[in-house]
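There are structures below to look over.
Here chain A shows up in two complexes: once beside chain B, once beside chain C.
Let's look at the complex of A and B:
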């Protein structure tokens, strides 16, 4: 049992009708386990009232987004060893820019409403997907294979975005990235949706989204690319008008 | 809406409970679903995500294999939104594997399971990361699915038909009347930290590995046996299709691609309390060792996540691995003299729709409802719709 680390875990709590507080727990856990295991252990042995979201425990579902030591993390793939030391403290908070339902569970209704409208399919032909790390292609994807896309719809980017709090209506990085991906693969033309003050133009190009994305979607770069597409579209309209008046 | 709808209360929102909610809601029940955690957060979420072709069961559990053949085809139609609809391969890399080939092909034939032999050289062009020791290979109809999206697609469809979901609501007590009929449940709502009661004409226990606890609240012993195993996800998509070891089902004999990862599974051991299972390091090493016999690069690939998941098997004598993977429905009025109470245990994700159909048939018959099951032919709602209904807190 000497392999186990003693840790202090602080969790930001919230219950409707009771308000906010912080709970502190002492746990023992193997450093190669993950933050989600720590939360689950606390729930199992110390505090059954703790509410948190989780499903797959290996970063395909995107449910367990949390703020861990002030950084947006997918708890299921964040190793204890990588964020603290034996005897250390971990602070866990719910994601920002979304309403808290209870404790670490946030309401992703608006997030999914937008993604549903954009309708970027979760399963696509592998050959149509960006290869390598988002903008840096490494090699050709195989033919005749389909796969789940990179975006896990975890909401980490929305939480990390510094522009997120400036408007309740801001579409946010995940949705804008989905529009960029849809328009480059010829799916749906959602550029109108992105061409607004709550779309691609609200972004402050802080690239916090790209920093926290656990799946290399690179939403920051995609928003910049979307702006190029929007400007190109406006220019082509202007050129056409010009041709009509002077041509 | 007429007030004459019979009411059903489902305990446990894993694949089985959610699919049952959908089926019963379509047949005219007013359905409420109680789940102590997040939807799908127990065994369902922690599946490796294999859409079974049935090939894995075609030698030792042919009933399960045949069921998988049918349900695989149905899910590929109704849940396309969350399935990587590729193929799977059973591969032989040593003499022992080769010796199994005969029973495998015979089993597949007996189950009318479509398989096709693929020359090793040809398969290596499709799956170049496979071991160069590759001796023989068969293509099967395996696929992979995303667990959240499959669960929520069923749940969104259930909600479309009026079902209501109550996550983070843990059942603490079953309410029984004087005739030992279950009439409801007393629940701790962890969102509000309050206790409340839910009444219904019928209760359905689909709590999976925890179904025994729920049944015990009505004084009933259920033969459900949690059998956990470990799964290791690594940081690279080392294969495009599912890779199975052509041998008796065993540990570390399956590699599943998902997004940009592969998942290696799994082990099989006994456990009593499965609320939290620490990761057993030796089993992780075992997965790497055994997985790399099929794909050697696994040994050099960084781990992305490691997790434990507990299969809800039906208790029987013998080794855990050989327990049947089919499901069992209990009408507790018949088996235990407790009315208004059904339990469903066993089974697996690939057959969740069929399990739901089975129990919904029984429950509907009890209420004189003769509506036929329609879930096999209608494509599921977008899983994203589920989140848009907001949360239901009575």
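Let's look at the complex of A and C:
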């Protein structure tokens, strides 16, 4: 038990009708445990009113996105010793750019609805997706093998995006990355969706999405690649129009 | 993604200037936005000063005298630095927009800053008469 660290955990709270405040908790936790363990310990032993989202505990479900010490993190894979020291303080806040329902739980409804609207294939041929730390599709993958795309739909990229900070209509990095990754039959419609003021052209290239992405999505790079595709599409339309006009 | 009624605002332009948690690209965004807003403000001032020409040479000469005031000179230096930072950082953003140097954003940002400050220093030394 001597290995336990004493920590102060500050959590930004909100309850409808009560407003906002910051709760401070003193806990003891092993430094190799994770931020989600700290939150669960607080809920279990100190404050049953604390609301937060979680599910899988191993960065597959994407449910436990939070801001930890001002950075978007998946709490389940953010190790205590990597973000503080013995006797230190951790600040936990809900994700930004989405409405807070209660405490650390935000309303991701519009985020999920947009991804549903895009309707991209979440299982794709392995050769059409990148592997490891790569960005471009790994065409060496054998035919006939399919796998899930990398995006966990955790919303960290949406929270970190400075363009999303001032526009509620902006599609956001996850949705635009989904369009870039997609090869489904409705691809032309998706490009129409992305080729708009609140689509790929709203991005300011801060790459904050890529900085916080816990998976292998590289949304910033994908938005830039999507722009190239949109420009190529516009040029091809112009060339065709020119051919029709001038025979 | 509008807020729920009564829910605290979790978005807003203050996020642009919040330095906490920012990494290379985020700092680049912050610098470009501040420099861009500063230059827009300067453009308005510039047009106002040019508008003095319509009031005759005395009015404009009065401003030229004011332009030697240390505060105005310091402002002029800031404008030059803002132009250089916005320009070089803009080139960095252009490159990263084409997928070049995305993995080394901090290095490119530092390089843009060093270039801007170096050329800015040259300009300051010329203004001070150290360099002719």
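The rule is simple: the second predicted complex is superposed on the first by the 226 of 247 C-alpha atoms of A that agree within 3 Å, B and C clash if a C-alpha of one lies under 4 Å from a C-alpha of the other, contacts with A are read in each partner's own complex, and residues count from 1 in each chain.
In the analysis below, contacts are C-beta pairs under 8 Å (C-beta built on N, C-alpha and C of every residue); 3 or more make two chains touch, one makes a residue touch a chain.
In this text, all values refer to a predicted model and were calculated from it rather than measured experimentally.
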Looking at the combined model built on chain A, do chain B and chain C fit side by side or clash?
-> fit
Once the shared chain is lined up, is A:56 touching chain B (first), chain C (second), both, or neither of them?
-> first
Contacts of A:92 with chain B and chain C, given as first, second, both or neither = neither
Would you check which partner chain A:213 touches, where first means chain B only, second means chain C only, and both and neither mean what they say?
-> neither
For A:107, select first, second, both or neither according to whether it touches chain B, chain C, the two together, or no partner.
-> both
Looking at the overlay, does A:17 come into contact with chain B only (first), chain C only (second), both, or neither?
-> both
Name the chain, either chain B or chain C, that contacts more residues of chain A.
-> B
How many degrees apart are chain B and chain C as seen from chain A, counting from C-alpha centres and rounding to the nearest 10?
-> 170
Look at A:193 in the shared chain and tell me whether it touches chain B only, chain C only, both, or neither; answer first, second, both or neither.
-> neither
Report, in whole Å, the shortest distance between any C-alpha atom of chain B and any C-alpha atom of chain C after the two complexes are superposed.
-> 10
Doubly contacted residues of chain A, that is, touched by chain B and again by chain C | 16-17, 101, 107, 111
Complex contact set, residues of chain B against chain A = 37-41, 44-47, 49, 80-86, 126, 146-149, 151, 168, 170, 190-193, 231, 233, 237, 240-241, 257-261, 263, 275-276, 278-279, 281, 304-307, 309, 382, 384-391
Complex interface listing, chain A residues touching chain C = 14, 16-17, 19-20, 67, 69-72, 94-101, 106-107, 110-111, 158, 160, 162, 164-166, 168, 204-208, 210-211, 220-221, 224-225, 227-228
Residue numbers on chain C that touch chain A, as the complex places them = 1-4, 6-8, 10-13, 15-16, 18, 20-26, 28-29, 32-33, 93, 96-99, 102, 105
Enumerate the contact residues on chain A facing chain B in the complex.
-> 15-18, 29-30, 32-34, 37, 40-41, 43-45, 48-63, 76-77, 101-102, 105, 107-109, 111-113, 115-116, 121-123, 126, 142, 145-150, 152, 215-216
